[in-house]
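One chain, chain A, appears in both complexes that follow, with chain B as partner in the first and chain C in the second.
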Partner chain A sequence: MSKAPRLRQALRTPMGIATAILSALILLVAIFGPMLAGDTADRIDTDAIGRHSGTEHLFGTDALGRDIAARVVVATRLTLELTLFATLIAVLGGLILGVLPAVLGRRAGRLITATVNLLVAFPGLLFVLFLAVIFGVGTFSAAFAIGLGAAPATARLVQNLTAAVAGTDYVAAARILGVGRFRIIVRHILPNIAEPVALFVAQVAAGILVAFSGLSFLGLGVQAPDYDWGRLLNEQLDRVMVDPMSAVGPGAAIVLTGITFGLIGEVVAGASGGRGANRPEAEPVASIDEQPTAEAESALLHVDHLRVRFPGHTAVHDVCLSVTEGEAVGIVGESGSGKSLTALAAAGLVPHPGRVSARTLRFADRDLNRQAPKGTSLAMVFQDPMASLNPALTVGRQLAEVAEVHHGAGRAAALARAVARLGAVGIINPEQRVSKRPHEFSGGMRQRVMIAMGLMGEPRLIIADEPTTALDVTVQAQVLALLRDVRDESGAALLLISHDIAVVSQVCDRVVVMYAGRIVEELPVGDLADGVAHPYSAALIGAVPTMTTDRDVPLATIPGRPPEPGEESVGCPFAPRCARASDRCRTEEPVLERIGPGRRVACWDPITTAVHELEEVR
Partner chain B sequence: MSTATLSGRMTDFRLGPWTSFFLRRTGRLVVSLAALVTAAFAMIHFVPGDPVRGALGMNATPEAVAARKEQLGLNDSLITQYKHFVSGLFHGDLGESITARVSVSSMIGDRLPATLEIAIYAFVLVMVVSIPLGMAMAVFTLNGRRRRSELAFASSTGAIVAIPEFLLAVGLASVFGVSLGWFPVALREGPDSYVLPVLALAITPIAALSRIVRVEALRVFETDYMRTARAKRLPTRLVYLRHALPNLLTSSLTLGGLILSSLLAGTVLIENVFAWPGLGMTIVQAILQKDYPLVQGIVLVYGAAALAIHFAVDLAVAVADPKSTIRGS
Partner chain C sequence: MKAAGTVTPVAAEAGAAPVGAGTSGSLELRHITVRYGRGRSAVTAVDDVSLEVPAGRVVGLVGGSGSGKSTLGRAAVGLVPITAGNVLVDGVDQGRRPGRRPVQLVFQDPFASLNPRLSVGASVAEAVPREDRARRAEEVARYLDLVGIDPGMSTRLPHALSGGQRQRVALARALAARPAVLVADEVTSALDVSVQGAVLNLIRDLQRELGFAMLFITHNLAVVRYLADRIAVMDRGVLVEEGPAGQVLEDPEHEYTRALLSGVPRIGEPLPESAGAEGAKTAGAAGAASGTDEGTETGNR
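Showing the complex of A and B:
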């Protein structure tokens, strides 16, 4: 597979190079250190007892006059050996404990899982101390204790990973085919969890190094005359306060080695799944001139040449859109057509790293290019009512704060208004429900709460972004009816975003069809029945089943797929999927042109019947 | 309407899931405690060789060893010993220290407050510093702003996390204790003496937790409900403090519990650096002196504390975030 080249590539990054150098250095010191510095490290010099650090002894000397720097070098091998040995025990123990529940019977498996959970809950060092008592104080038993101490955490990880793999279809298939348990582990489970476990092992090794040093530091790990870095620190503890340099050597060795283990893990992780870099894009310049019309001047919301750009692609291309006072406009399109972003841009809520630019972006009297829309005149209703309400706050709090912040209402008055609004959107018992949190409401009720939240002020425009998509069909109808009622009562305009042209035609006066970040057609809802002009709109309508749809024939679908983000095309973006496309469509992008009262289309070859009928009627 | 009856019924059953949740957790706690007690009891029997001989040393006469064994009840059958051990626990009797010849419970009563104090102070310090710090860093570096501050924060906290706690403690002691002479470096005498041990315990968790809080805060900032809060044009302060912070607290609470129990373990090392007269120093001495009843008692205390913390965190999380626990097992 491609793992080896990827690892080689990861090693070429600055971090990879640093990791390789550090690892090599530590390995070399571990291998050759004892040979080269062993004599110096063990030479007892009674004339140089407890020397401070200096030119002769880099980190000073210990209580027997031995050079600490040399002892740090020599201790590398034992420290590494013990760390690796303990890591091996941790990994083996963890693998055994972790994989067993997946293959043993249910009861035995649960017992093991429960034991592991209990052990994980127990602070690691205390478990190690406990084991150290049982095994007795000594180098080997300390390594054993630390390895076993780290096993439960490894087992927990392996268990989680194994459970995920064991639930997959291919393991189920293997089981049905009568593959033995052992074979399932070796052939199917282990290879699939190898990578994350390998990553985890690097972390475990770093943790074990620190734990072992800690144990030796306490005098419970490596015993004299042997010594590791922790033991060296232990021997220097009384002197450390007087001569801090004597602790720097072993301390730095521990930290550096620990960091190296961490880096190895990072490099392995980098090799197994790299992150793509975001490349910023040059700012395109809007280049269309058009005089603003009088109609646009009087509009409540006026958007002119709106662009929303993300690093690497433009999601909304020069969208021009107006909503007049009290009007209901629907934007229809597939996911990724830029309809939601258009709405979010109008509300000033485009998420990072999106960037909005527009020649005009005006709501009521405010230039949204410069200011945020005024407090409560713009209300938003989002797609997922569960995610859009704050799970930690009561519904009443979330409603009342609008009145508190924007109208200076007191707590009681704001809450009373919240109760009234909840009642107005059809929530039963609003006095009681107001103190509940969102999860205690059903999906449809939550969407009512969102609408009530918008009604806390005096909205002039309600932007509803796929308000019914996450709801059941019957609830959808109720929420749509509510939106209609709210509009009738408050006189607010509505901008309804939906992928469902049927939903839009029920509620709206005017439909805007978007494709690939552009408006391709705009028409009054009444004209939908007469026929649309853009082939894409026609295809959208054709995909909606009705009561008379022949159920023996497969539902009409639109061949092909919409362009991917960042996939820039020449010509009409719909051309690759369009049966009517000509050479002109593939080379030249059509402009949005007026073809009748309230009708615009961007197509070189509009469906003429629609246009003709229109001309005949008007 | 059906929704009304449904919600009414849910209110009636409200007590049900809560009680059963509480009972389940309590049951788990009891089983875990029983396992802990059994393990502590078994420990003395797992010890290779003769524990009493080991504790009294090679020079003790066989008569002395036999007498001590008799006194400790090690000649009885395992079941009798276990019964004694458990009934002793209920009376607060943890046996007698082999070396100090004082009751283990009085020794623990002596040393426990010192350990609890630094653990709790350090825990409070960790929570008070890292949640605001992590959140402030998240706001500060939101939307890829101030890349350099982000890098500085990530690398400095990363470096601190990489340094073992006991090294940090040694470093603090030598810089602030010896070189600058600002704070005492050993023993528990006066408020000044708390500064370095508490700092040494708290610094690593602060670095680790504030990193996590920052990432968690950035995740919360991206949620739909934060978008709703912004759509309501609330003042920035309200958006962060009222809408983001409570959602951060639930996840921080879980981590806080883990931190508190790891702080307990951390006291073992820190107490030995600062000669702090707590349980951590006592257990190390007891292990070195093979004073098994004392080790047993301290292991029980630490273990029970860890289990109690987990229990408390489970309940606290349940109170803060009821929807996750009623559903969860």
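Showing the complex of A and C:
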């Protein structure tokens, strides 16, 4: 894994540099401070008692005439040692308490969880004071108390993370392979929770530093003749009004070290989370053929040379697509083919940091290059209806909102329309169902609700992105039929995104096949029976068994895998997997060319046979 | 990746135990009931299901989401506590004994079933039985090779592999444990369409070559039709139909099976006449339209 380079990269940022310098400084002072300044710090000078800060003594001297600045330097080691010791206790305690419930039996696990919950709920400082009193006043016991005090919070985090990892399939797999509990913890759980725990520990350390200084300041921590920063603050307390500088030294040291702990956490987070710096984008050379078509002018949605770029790669390459009024167009492709992004671009919903550019991006006389699509003429239906509905609001409220916001309808009128729309999409008892929340609906019903929401306005285009992928086949057919019925009634056009060419063929007039961010073929659904022209389309159909596939023959397969995002090739992107690929395919990218009425294909050597063997299309 | 769909016959390699060793058992699920929760809020995910997977055969288990098919699969490998009933492998009750299970499971999502911090070789190695520890590296290479993964990739972490490759590794891990029976839970539904076929071919070839019994769980009737000798249909935790594949698909007895079959999208075939209302199953299936959700999200987690 590229962990080391990522850490190096994180250290090269301004914050990383500052963190490295501060950490090094504190460490050096902790190691060499007592050697260099030890004598000065302990020298009692009865002539210089209670000196104010000045050139001779940076922060003045204390009640015994000792130089405070030197004492701050010397105290660094003890303060750090105690902080790290307490942190160690917190981490050990937290890890043990946090991981145990996952491996113990259900009852013991619950007991531990409940205990930790109770301790977390208990005020932290009170808990520490309580422990400090029990263990007695003293340096070691204070560190112990603080460490234990921070353990419940750490345990809580570890418990949550562990529970998440323990529920994963790979831990389940290890269990059925008979891997022992201890090995599961060490090999499967701990490595996968290490990063967030490390982050949390950095914060805990900063908190412990402050807490410990507080204890010492109160006189419960480090006892004379030892001293840490908190103790130094305590000693200067009565002078703070007269000579503030005497308290500034230890105070500043605490703040600076605390910040450094926090910064270390940030740097570790930066190194572990997210991707590194963005690679500079190479501007791809566009192969643009200039032929504006007549149909484009009248299209409801017209997309010309659409490109969607993300840092480091181009996800959609020069896609030209138009949907006319009332037409149903299906985009078929695998994950990463750019089919969803194409649809999202048409709706102005491409997620950050994606950048959309197009020569033309027009929907219903609205130039989407300049304006966002507005109003209710565009309806979206997503794959996961649970994620696209607000779980906290009733379904009726969410639907009514559309009418209220966009049509200025009153509350009652809007709700009445919501009820009507829910009825229109086949929801039984819509009058009662409007007051239910999304979780009270099943997957298929939620998808109906999403469609109803689109119908609250007068949609001219419905974009449905894998609307049935999360549904059962029986429900899938109903939702698809509903989309068809809705279209028949409202006259809206449909842009249906799916990985399943069969689904698209049932609902759409025209199929667009995408691969690696490009349209590779476009054809009327009726022509599917005559066979497709692009080898990828043919393979896509042949690779999936259907109810008529010959059981005795291996499935047609496509060797290799789709290109990863950012994996750019010369020539046809499908060439590495294509049995028909020639040298030309590997060097020159084919352009989308018209091969018949309504048919376009981007291939140098399209399949021309009328009936191909891969699929018996009825 | 190797050319998809071809399996190198390494089983007969000299010195190594044949890959198929131990993979010839039968699985019998007797009156399995799985219930979650207690008292009134209890949900019965699997209700008194009996199912047999004879040695060397493939039984397809189909059903919608919430039908309890995955829960039954997990119960068979001991991942889900069984409320009532027995799991028998080769006629021996599996009880609740810990340790390596004679039934292994291949999970749906290859992105979740491999430890991201463990090299794929290490993941497979964990499955190698203790008595073969000495030859572990050899065994790992053999099983990776068997599923069409270059053994040289064994030091890679899962994130460096594609979905199809990961699923192959997961399959290698399950086979390396020398299971008597394999349970495959929706193994292709998280994969890209273009690699599904290759993985299905691989599973089919391995099953025929090694002859292990397999419970193949899927929601996809076309996939099950392609692989299974017998088909069992579950709906709302209940086994509604079971029989030879051809018979179940061509002459289904139960309403729900008919509904499932009519829902399969086919290229160029028209959709049902009307979208119907929610709850109303296409063919008025079991339980019919009582206003309840069509998938009351039972179990299946």
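Structure notes:
Quick note on the criterion: the second predicted complex is superposed on the first by the 423 of 618 C-alpha atoms of A that agree within 3 Å, B and C clash if a C-alpha of one lies under 4 Å from a C-alpha of the other, contacts with A are read in each partner's own complex, and residues count from 1 in each chain.
In this section, contacts are C-beta pairs under 8 Å (C-beta built on N, C-alpha and C of every residue); 3 or more make two chains touch, one makes a residue touch a chain.
In this text, all values refer to a predicted model and were calculated from it rather than measured experimentally.
Shared-chain residue A:Leu126: touches chain B; no touch with chain C.
Contacts of A:Val210 after superposition on the shared chain: chain B is touched, whereas chain C is not. Look at A:Val137: by the touch rule set out above, it reaches chain B but stays clear of chain C.
Contacts of A:Gly219 after superposition on the shared chain: chain B is touched, whereas chain C is not. Shared-chain residue A:Asn429: touches chain B and chain C both. In the superposition on chain A, A:Met445 makes contact with both chain B and chain C. Judged by the touch definition given at the top, the superposed model places A:Gly410 against neither chain B nor chain C.
Looking at the shared chain after the overlay, A:Asp384 reaches chain B, while chain C stays out of its contact range. Touch criterion not met for A:Gly312: it reaches neither chain B nor chain C. Residues 428-429, 442, 445 of chain A touch chain B in one complex and chain C in the other.
Residues 1, 168-170, 172-179, 187-188, 191-192, 334-336, 425-429, 441-445, 448, 471-482, 484-485, 499-503, 505-507, 525, 528-529, 539-549, 551, 554-562, 577, 615, 617-618 of chain A are the ones touching chain C in the complex. Interface residues of chain A facing chain B in the complex, by the touch rule stated above, are 118, 121-126, 129-130, 132-137, 210, 213-214, 217-220, 233, 237, 240-242, 244, 247, 251, 254-255, 258-259, 262, 347, 349, 351-353, 372-376, 378-380, 382, 384, 387-393, 397, 401-402, 405-406, 428-429, 433, 437, 439-440, 442, 445, 450, 453.
Those residues of chain B lying in contact with chain A across their complex are 1, 3-4, 7, 10, 32, 35, 39, 43, 46-48, 142-144, 162-167, 170-171, 173-175, 177-179, 185, 222-225, 227-235, 238, 242-243, 246-247, 249-250, 261-262, 264-266, 268-269, 272-273, 283-284, 287-288, 292, 295, 299, 302-303, 306-307, 310, 321-323.
For chain C in complex with chain A, the residues that touch the partner chain are 1, 3-5, 64-65, 74, 77-79, 98-101, 103-105, 107-109, 112-118, 123, 126-127, 157, 162, 164-165, 170, 173, 177, 192-198, 200-201, 204-205, 219-223, 225-226, 249, 259-279, 281-282, 285, 289, 291, 293-297.
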